[in-house]
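My structure is below; once you've seen it, I'll send some questions.
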Amino acid sequence: MSVNTFGRVFTFTTWGESHGPALGATVDGCPPGVALDEGWIQQFLDRRRPGSSKFTTQRQEADRVRILSGVFEGKTTGTPIQLMIENTDQRSKDYGEIAQAFRPGHADIAYHLKYGIRDYRGGGRSSARETAARVAAGGVAQAVLRDLAPGLRITGYMVQMGELHLDRANFDAAAIDANPFFLPDAAAVPAWEDYLNAIRKAQDSVGAAVEVLVQGCPAGLGAPVYAKLDTDLAAAMMSINAVKGVEIGEGMAAAALTGTANADEIRMGNEGPRFLSNHAGGILGGISTGQDIVVRFAVKPTSSILTPRRTIDRRGEEIELITKGRHDPCVGIRAVPIAEAMAACVVLDHLLLDRAQTGGRRGRIG
Amino acid sequence: MSVNTFGRVFTFTTWGESHGPALGATVDGCPPGVALDEGWIQQFLDRRRPGSSKFTTQRQEADRVRILSGVFEGKTTGTPIQLMIENTDQRSKDYGEIAQAFRPGHADIAYHLKYGIRDYRGGGRSSARETAARVAAGGVAQAVLRDLAPGLRITGYMVQMGELHLDRANFDAAAIDANPFFLPDAAAVPAWEDYLNAIRKAQDSVGAAVEVLVQGCPAGLGAPVYAKLDTDLAAAMMSINAVKGVEIGEGMAAAALTGTANADEIRMGNEGPRFLSNHAGGILGGISTGQDIVVRFAVKPTSSILTPRRTIDRRGEEIELITKGRHDPCVGIRAVPIAEAMAACVVLDHLLLDRAQTGGRRGRIG
Amino acid sequence: MSVNTFGRVFTFTTWGESHGPALGATVDGCPPGVALDEGWIQQFLDRRRPGSSKFTTQRQEADRVRILSGVFEGKTTGTPIQLMIENTDQRSKDYGEIAQAFRPGHADIAYHLKYGIRDYRGGGRSSARETAARVAAGGVAQAVLRDLAPGLRITGYMVQMGELHLDRANFDAAAIDANPFFLPDAAAVPAWEDYLNAIRKAQDSVGAAVEVLVQGCPAGLGAPVYAKLDTDLAAAMMSINAVKGVEIGEGMAAAALTGTANADEIRMGNEGPRFLSNHAGGILGGISTGQDIVVRFAVKPTSSILTPRRTIDRRGEEIELITKGRHDPCVGIRAVPIAEAMAACVVLDHLLLDRAQTGGRRGRIG
Amino acid sequence: MSVNTFGRVFTFTTWGESHGPALGATVDGCPPGVALDEGWIQQFLDRRRPGSSKFTTQRQEADRVRILSGVFEGKTTGTPIQLMIENTDQRSKDYGEIAQAFRPGHADIAYHLKYGIRDYRGGGRSSARETAARVAAGGVAQAVLRDLAPGLRITGYMVQMGELHLDRANFDAAAIDANPFFLPDAAAVPAWEDYLNAIRKAQDSVGAAVEVLVQGCPAGLGAPVYAKLDTDLAAAMMSINAVKGVEIGEGMAAAALTGTANADEIRMGNEGPRFLSNHAGGILGGISTGQDIVVRFAVKPTSSILTPRRTIDRRGEEIELITKGRHDPCVGIRAVPIAEAMAACVVLDHLLLDRAQTGGRRGRIG
C-alpha cells in the first residue's frame, strides 16, 4: 500500500510539496450520502491556516480547498474525494544556500541520504504544509462522524509551551477558540503571549504539548492486536511533523504509578458501566470503553531559527547557518487542528472497521 | 489486511490465546537463504520467559518454539515461517468469578463490549502471552539483520520502575543481562530488588519505563509521511500490552526545549556527517540519519493485584474483586525483550522497504 | 502486507509446505459469535481430500483440521482463528533426482531462480497441498455466510475435461456430489470415467474447466475500481495452482458478441429488478447486482506425468525426466471445492467491506 | 487500504469522475532520481486518447497531464507523484432520462443499489475515463522500467474483434501503431475497418480480445501464493472497464490440453534455460521464468448503443432506452494502451517487491 496513505477502510492519501503548484488528499472509503461541501472543510483549514496570528508563519496562504471528485449534488458518492489546495504564496527567492546546506533539526539531510535528491524549496515534502491536506481529510471525517456518531466531539488544546503548563484547575473549553494558543484558560493567555514574544525576540523557538479529547466515542472501537485504537492514535500523532512523544491517558507518568492507584474502578451507571477515574485514557486492550479518549503529544521547537547553528553542506563543508524565512516560533500551536483531524480520521476508520466485523452490535451488561 | 499482522514487507501475523492449545506467529516476506533454526529463536524467547525470576509470573511455560514451515535444511526459503509455541501450563482452575466479572484495568470489559463474547481464561487474546509470538518473530528479524546489517545492534533496558530512575551516569551495557531488571547499572540492582519486593508484599504492582537503543542503523530507513520510521516504532511499542506512552529522542521533554537547545548541530566526521547531540533520537523527517535510534516507552502497573478493587460483572452487579493468580509485580520488566523484538522487526521491515524503493543506494555527502 | 494473505477485512494467511510437519491458515477479521467447530470445517476438507477416488492422488492424508485459536465454547471470538492440518503421509523417499532437476511445467525452476533455495520435497510451498488451508478458511467463511446471508449458496462443478464438455441442457445440481467429477450430469459420468481412464493409462494427464455459481448474493458487493468484485474473484481463482484463465459471465466469448446480443435487459420483478439474461455474470461495474454470479476458470493438465519430458538440472545438464509419484490425472477435479472456498471468502470479505462503507443499506428502486 | 489503490510497493491511486472538473492518479513508491516529465507521460495518454479515429468516441479531450508533485528539476524525488488531467469537454446537456434510468449493461443500477446515490453524468466514476489516470501512472512505471530493466518491452495489440481473429502467421509488430486497431497485421486492416463500419451503421457495437506481451522480463518476479505475478496481472486486467475474461499463456484452452502437449520442455541455452514452447505464458508457480509473459483478455461490446433496449428507471417503471452520445463501437480498441499501462505497473511493482525480499539476486543454474 502507498506509504503516503493513512487508514484501513476510511483512508486518505496525501501528496504535494511546500512550493509545488498544489497539494492535496485523496479520501477513500467514505460512506455515501453524507452532506459535504467546500465550506464545511474550509472551516477546519481556517483554524490551521498560516498567517492567522503573529505567532504563526506570516506566509500568506489562502488554503482554499477544492473538491475535485467524489461529491455530487452536495453529497458524497462513495467514490474517492479529491481535495486540492493550490499553493499561491510560493515566494520566489534565491534558495542558493538552503539548496546545498542541511538545516539542523530538519529532514534535509535525511531526505538527501535516502533519496539522493530533494526538493529543497521550503522543505519540499517534509514541510508542515503537508498537514493542510490532513486537515482537509479530517474535515471529511468530521462530516461523516456528525452523521454516524452524533454525540462524538473532538477537542484539541495546548497543555504546555516551553516552561508554561496549563493549570487544569482552570480548564475552560469555551476559551480554546478565543485565543491564538488554543489554550483552555483565558486568564493565562497574556502570560503565554509574553513568553512567546520573548522567545521570538530572542530569535529562538520553543516546544509544546497538545492534548486531544474525544468525548462521546462509542465503546468497541479498535481491533487488537496490531490495529489497536491507541496504536493507531499513536501512529497518527507521531506522523505529524516535529512530534517526539505520544501518550494515552496517564502516558509516561504511568511508569511511576502503582497498580492500586492506576486501577480505574467501575460502578454501574444509568446507561452502563461508570468508571471512577480515567488513568487508561478511555482505551483498554486497544479497544475504546466509552470513556473519554485522552491523547497527548509533544512537539519539538521549530528547527528554523534565526540564531546561527553549525552544520554541513552537500560537499561536506562545515558551515554556520541561519534559517531565515517566515517561521512559527512555536509550531506546536498549529498542531492542534492537525491533531484533531488525525483523531477524527482514526476514530471514523475504526468505527467503520468495527462495523465491518461486528455490525456495530455491542455486548450487553446487565 | 489482517489486523493481527504487523509490518509492510517483512510482516508477521500472530494468533493464539493465553490458555488455548498453542499460539504463534507467521512470518512472511523473509529474505531467502538466511541461516535459521529453533535454537536461535529460543534464545530470544528465553529472555522473555515467565518464571525466570521471582519478579515475573511463576507460571511455568517452557515457551518452546517449533518452526513448522519456511525453513529447509537450516535456511529460510522465502516462504511463510510458522513459529508455534504450545501452551503447557494451562493450569486447570475454576474461572467462575473471572468469567463473569470485569477486572479493572484489564481488557475484559472492552472485549465484552466489542465482541459480545470473550475467552476469559487468563485474559484470552488480550493476555501478554501473545507477546511470546512477537519475540519469536523478532528472532527471525534478528537473524536477517545479522546478515543484511552486520553492525546493527538492538539493546533494551529499564530506565524507570515506579519511583526509581536509572542514573545515566552509571550506564553500563554489560550489566543489562546480569540482573533480573535488564538494568544497565549493577550497583543499583539491590535497591531495585528491595523496592519491588516491598511493592509485592504490599499486594501491589508498579509501572516502568523501558528504552531501546538501535546502534549502527543505516541512514535512509523510513518512508514519509505515513510510514515514517518513528511512526512505525511508535505503533510497534504502543501495540505492546500495557504501554501508555512512547517517546523518540527527547520525547515529551521536547515540549520544554528551545530551538537553540534542541538543534543537533552537524560537523563532518571521517565517515560522513557527525552530529554533536542526539535530541532527535536518530530520526529526522521520519527517516533514520545513521545516529543511534532512541525509543522509550512507559508500561502501566500490572492490573492484576491482590488488593481488592471495585468493579461490576456481566449482570451489572457491583462487586469487589481480587485478581489471584501468578502475576508479575512489574510487567515492564518483561517488556524489554518484547520491545527489542518489535524494534528488530520495524528496522528490518524498513530496510527491505527502502531496498524496494531506492535499491539501498544512498545520497552522497562530500 | 503479507504476500501469503488473501482478503481485505475478512482475511486468511496460509503457511506450510507439502512435506513439512503441518500447514494451515490464520483467519482474521471473522465476526464474533458465529457457531464453528472442527466438524463443520472438516466437511469442506473432506470434499477436497486426496485419495477419495481413483482419479485423485493416492497419497493418504487424513487432512484432519485442528482449531488452535479464535473459537471459544463453540463460537468465534473475533480474534484470529488458527486452522492447522498436520501432514501425516510424508512418504519417506529418495528425492535425489527431483532435488536437482527442474520438472517441466512445475514451479521448481521459478522458485530456484527467485529464491536460490527450494524445498523440493513434493513441490514444497508450490504444492497444491497449500489449497487444503484455503478450503479450511473457506469453511469459516461459509459458517459466517450461513448467518449473515442465509439465502446465499455457492456451487462449483466441472464444465469441461479435455475434449469433454458439460451439456448444459442436462444440468442437474443434485448430481454434482454423487460422482467423482463434481459433474452436474449423471448420465455423462461413465463417458468421463472412460475418458480419464484412457488418459491415465496413456501415462498422460488432462486439463479442465470449472464453474462456480453464487446464488442469492446480495446486490451492492464490490468496491470500484481496484476492489471490484470480479477483480477479486479473478485474483482468487488465478491464485489457485495450475489455473491459466478466469472468466466472469460470458468471459472470453464476450469478444465475439455484439452490443445488442450482450445487453442484459431489465424488467421490474416482484422483489426488484429482474434481468432477462445474465451475460454479465451478475456483476456490473465491479458491483454485484443480485443476479447469480458466474465465475469460470481453466486448469492446466497435471504437469507430473509418467511420460518422459526433456529438461535440465541445477548444474545445467540436459536430462529426460519422468515424474513418478501419486498424481491426479486431472487436477481440475479437486479445484472444485477449492474454488468454492475462494468464492466464499471473496463474497464474505466484500459483504463486510460493504458493511463498513455503506452500513449495508441499499439504494431503493420504485 | 484504499480500494482505489493498485499495487503493493509501487502503487497508484486514481480519483475523478467522467464529468467532474478533473481526474488523476497519485503514484507512490516510485524510485527517486528517474528522469520524468509531462511529455514522456503524454505520449502514453495520446495513444489512448478519444477522438483519435472514427472508431473511437468523438468526445474531444486533450487529456493533457500535469505533474503536480513528486518531480523536481526533471527527476522523481521518491515522494508521491500527482498526475492530474482536467476534463475540458464536459458537454453541457440534459441528463434528464439518463439521470433516472439504468442503462442495460452499465454500472448505473449497481452503483445505485450500492451507494443509493450516483453521479450519472457520463457514468461518473464507472466511466472508462478513469483509465486515463491508469495510463498516466503506467507512463511513470515505463520511465522507471527504462532504467531498471532496460531490455524489457511491453506490447499490446488486438487479437480479435467480433468474428474477426488475428492470423498469427501474419504477426508483424511494426504494424501495430500504424492502424487504428493496434492490429499486428497491416493486410487485415481494411477488412477490420469494413467490419467495424458495418457494426456501427447497424447501431450496434462489438467485443474484442487484446493480448499483451512482456518481453525481456527478468526471472523471479511474483510472490506466491497470493501475490503471484499471474494473480496480479489477472486482477489488473479484470479491473479494466468491460473486461470479462483474462488468460495467461494457453488460458482457457488449457482445459483441452494433455500434459504431454502442455509441458514446456527445457534445454540449456547460452544464457540460461531455454524453453522449447511457452504454454505457460512465462509464469510458473506465480513467478516469472524469463520467458515472454503472455496475457490476454476479452472486452465486452460497448453497452451504449443506439438500438433501443428494455430497462427500468428509479421509480421502477419499465421503459425502452437508446443511449445517445459519442461512444466507441468497440471499446476493446482503446483497452490496448490501458492494458500496457497496467502490465507496466504490475511488472515494476513486482520488480521492486522482489528487490525488497531477495535483493534481486538470482539462483544460478550451471
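Going by the order they are written in, the chains are A, B, C and D; count residues from 1 in each one.
Everything below uses one rule, namely that contacts are C-beta pairs under 8 Å (C-beta built on N, C-alpha and C of every residue); 3 or more make two chains touch, one makes a residue touch a chain.
In this text the structure is predicted, and so the values were computed from the model without any measurement.
Considering the contact criterion stated above, the chains in touch with chain C and with chain D alike are A, B. Just one of B-C, A-C or A-B has an interface built like that of C-D, with over half of its contact pairs in common by residue number: A-B. Although chain B and chain D carry the same sequence, what matters here is overlap: shared residue numbers make up over half of all numbers found at their interface.
For the pair chain A and chain D, the distance between C-alpha centroids works out to 38 Å.
Our note on geometry: chain B versus chain D, Cα centroid distance of 45 Å, whole angstroms.
Averaging Cα coordinates per chain places chain A and chain B 26 Å apart. Shared contact sites, meaning residues of chain C that touch two or more other chains, fall at 1, 3-5, 8, 14, 29, 32, 78-79, 114-117, 125, 224, 353, 358. Residues 1-5, 8, 11, 13-17, 20-24, 26, 28-29, 32-33, 66, 68-70, 72, 75-82, 114-119, 124-125 of chain A are the ones that touch chain D when the two sit in their complex.
Within the complex formed with chain B, the chain A residues making contact are 1, 3-6, 8, 14, 102, 104-117, 125-126, 130, 160-163, 199, 204-209, 219-228, 230-235, 237-239, 241, 244-268, 273, 276, 279-281, 283-290, 298-305, 307, 309-312, 314-318, 332, 353-354, 358, 361-366. Contacts from chain C toward chain A in the complex involve residues 1, 9, 29-32, 78-79, 224, 352-353, 355-359.
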